[in-house]
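The block underneath contains the structure these notes are about, expressed in structure tokens.
We just call them A, B, C, D, E and F in the order they show up, numbering each chain from 1.
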Amino acid sequence: MAVVLYPGSFDPVHNGHMEIVETASRLFDEVVVAAMRNPQKGEPLFTLAEREDMIREVFAHLDNVKVTMFSSLVVDLARDVGADFIVKGLRAVSDFESELQMAQMNHAISGVDTLFIPSASEHSFLASKLIREIARFGGDVGSMVPRAVSARLVGKYVKDAD
Amino acid sequence: MAVVLYPGSFDPVHNGHMEIVETASRLFDEVVVAAMRNPQKGEPLFTLAEREDMIREVFAHLDNVKVTMFSSLVVDLARDVGADFIVKGLRAVSDFESELQMAQMNHAISGVDTLFIPSASEHSFLASKLIREIARFGGDVGSMVPRAVSARLVGKYVKDAD
Amino acid sequence: MAVVLYPGSFDPVHNGHMEIVETASRLFDEVVVAAMRNPQKGEPLFTLAEREDMIREVFAHLDNVKVTMFSSLVVDLARDVGADFIVKGLRAVSDFESELQMAQMNHAISGVDTLFIPSASEHSFLASKLIREIARFGGDVGSMVPRAVSARLVGKYVKDAD
Amino acid sequence: MAVVLYPGSFDPVHNGHMEIVETASRLFDEVVVAAMRNPQKGEPLFTLAEREDMIREVFAHLDNVKVTMFSSLVVDLARDVGADFIVKGLRAVSDFESELQMAQMNHAISGVDTLFIPSASEHSFLASKLIREIARFGGDVGSMVPRAVSARLVGKYVKDAD
Amino acid sequence: MAVVLYPGSFDPVHNGHMEIVETASRLFDEVVVAAMRNPQKGEPLFTLAEREDMIREVFAHLDNVKVTMFSSLVVDLARDVGADFIVKGLRAVSDFESELQMAQMNHAISGVDTLFIPSASEHSFLASKLIREIARFGGDVGSMVPRAVSARLVGKYVKDAD
Amino acid sequence: MAVVLYPGSFDPVHNGHMEIVETASRLFDEVVVAAMRNPQKGEPLFTLAEREDMIREVFAHLDNVKVTMFSSLVVDLARDVGADFIVKGLRAVSDFESELQMAQMNHAISGVDTLFIPSASEHSFLASKLIREIARFGGDVGSMVPRAVSARLVGKYVKDAD
């Protein structure tokens, strides 16, 4: 029985994230998707509660996917939820180096392993930061995020523009 | 008749930018240089109007170069100015990945293509951020920026130091 | 009137190459696709004549695409065919560095420029070397190469296996 | 019950490989280590049978590790041994790009996934090619390979020197 | 008599920095370790004076290591302390590009050279930013920083949490 | 008194190598330039003796540069010539990873350190392999290699063409 933890900011969750979770859901017994409060990254677009809501809705069809929030060390969360290891997506070289560094530090302080799932190439260019940027200027991100997210992105910027 | 769009922050325009525009001006019929308002990058050193002024002055000798400002999606601007495609400079690997990502997202939302012009190697280390840093401490950036820019850089920091 | 040169080994031509040529054909007036004799790369799978045949067949629907072979410096060929510049595809970081190096050397010896067209991400993993490898072991490369190529790949390895 | 396939050349197996297998053995139910015949890489130092022998000896203490040889497509082997997915080690950026490319092509032709296990940083510089090079000149590779391998490396080069 | 300058933020100094200084101290006659005031990086965790204190304590056993603070151009500091060249550590590819860019700009404005000392691989994942992050959440960084630093890191976050 | 070893293939020595040696000659007391017999790289264009001749001629004006040949481990040579450390040039990211790997293995087997000297950006695209390629097709490499080398390159290919 393999339990894996998939942590991230998910501000917002996009099709590249969906693909990683669907792969993990197929390969492992249980996937815990954990949205993190990351004060380092500045003010998020969606609150942590909004992000959790969207993630729940988006993965509702996958029975072995659980959703949670956290504001602790990811390796402490891994132990709390009984995860055998952490999974992260890998898109590009720049991802790779910072993710490898984090994986090695996480292993050094806790013994918890990280495994990497490569993005399918058609999703490799997706990034929450660029999606927020496009949505802010009214661009169409419908092909990049689940329907539940695109509606809220539009609402967010319309509301903000009031 | 090929029209190309060259967007950027240009805070300030430097010799690496000049080389890209001169190459594009030689290869294509019209080059639109567009300075963008980028709230993501924090407070710029030069206002958008100052940057536009410097760009105009620096490219005044090139008849087929037009200068504009924008604060919209770059692909919307591309359509507005009738550009056939976007051109970007490429200096280094770290440039390459983020530029490739942006090019792919821009293509996905609009069908607009991006072509890359490699920097001549003697300019490959130039970056506006480092140039601002050197000028702030009184270092000599005369070999890195056009004369019109170096004078204003000195003025900017002298004024700020008052 | 912009004429561009697209040189390569094309052993064999694949869907990633097709995408670059189709983009270039749309953006420029004439595209010269040139298959090179490259003694450095060891014995090719397809002879230069076979490669030229396949390229002609694959791009027959594009009126402004011409096909040629060469065994000289690419910058000499560029001058011979009257190309305004060279275009190359860019898939990944490892591509980028060696292509940038070649572009800079070509510019240094001849003044000829090279522009880069990024691969659409769904083709970014395609490489002739891996395609030959898969075909050699009887794997299905039908989704990676044009129909004209997949038939000949099968024939090549069946014949070789006799 | 998760079965994973760990393919490679293993010419020879070194401490970086050992670490990946030990991690996989701890995280998954069964690990199939498969040494491949790779005519592309030129003449190997150790025959396939010698490599298989060394791998067997080196992993004899791990009950859930099986060893095999193959000269087919890795995705065909994955199906033959009932593997749920392939695992590969990741040391460095240059690894990452070629491994990602192979993972994406393997997924495209078969649907088989590849997961990446990062090397612990103290093993990140190990590579069979450099180990062979050092051993050939009589350098001490005792800290880089299991004891079973270092003895044979010495024997190989002493014998060759006769 | 070779004098080298090792500049950095050192917020805080960690085992990767220690290794670079120990190597430089062994290879050269005098090493000047210089902690910089870097307004670009936002509010530091430790004040410049605290960082200087920790660096002094950590390198007290090395007679040819001097410690200083600076808030000027690093090349001006190099001249002021009579350094023959600057040394920087290199961990990873992402380091390499930005460091190379800075080295080239520094050479362009002053003629001062920069030499790179590679991190031993067991330290290659260490980064002050991640160490601060782990300490902030109460993780154990004892294996990553000198004892003098880990005590103060704990104190810093306990005090901040009051 | 610092003695440094600069090993390489130098087939042939080019302006990028010259720049590294000139920098090392300025910074250190003695520089040993060592041309290696590398059976791994296939048949060289110039014999080891020819390469040594060209290196001697090219660095004749630098009193503290010595030239030698070797076909052993570079770390053994470092000890034989009394070098304090090895120096290598760094041009690009792809260089960096393989050089870092070699530096770490060399340190692991001998304790010998390697320091990296970045190429000035105007030489960053130079590579012996591409220079041989251009010369083979009659291209002009006069701006890339010392005069002593360009004459011999022409002679080499004219002779070969007989």
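Everything that follows uses one rule, which is that contacts are C-beta pairs under 8 Å (C-beta built on N, C-alpha and C of every residue); 3 or more make two chains touch, one makes a residue touch a chain.
No experiment lies behind these values; they were computed from the predicted model shown.
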item	value
Least hop count linking chain D to chain F through chains in contact	1
Other chains in touch with both chain E and chain F	B, D
Per Cα centroids, the chain farthest from chain C	E
Chain pair showing more contacts of the two, B-C and B-E	B-C
Counterpart interface for C-D, drawn from D-F, B-C or E-F and sharing over half of its contact pairs	D-F
Mean-CA-position distance for chain F and chain B (Å)	37
Computed distance of Cα centres, chain D from chain B, in Å	47
Chain centre separation (chain C, chain F; CA means) in Å	33
Contacts with 2+ other chains: residues of chain F	92-94, 97, 100, 104, 121, 124-125
Chains touching one another, given as label pairs in label order	A-B, A-C, A-D, A-E, B-C, B-E, B-F, C-D, C-F, D-E, D-F, E-F
Residues of chain B touching chain E in the complex	92-94, 124-127, 130, 133-134, 137-141, 143-144
In the complex, chain D residues that touch chain E	92-93, 121-125
Chain C-touching residues of chain D, taken from the complex the two chains share	40, 72-73, 75-76, 93-94, 97-98, 100-102, 104-105, 108-110
Touching residues on chain C, where the partner in the complex is chain B	2, 23, 27-28, 84-85, 87, 90, 93, 96-97, 100, 103-104, 107, 113-118, 120-121
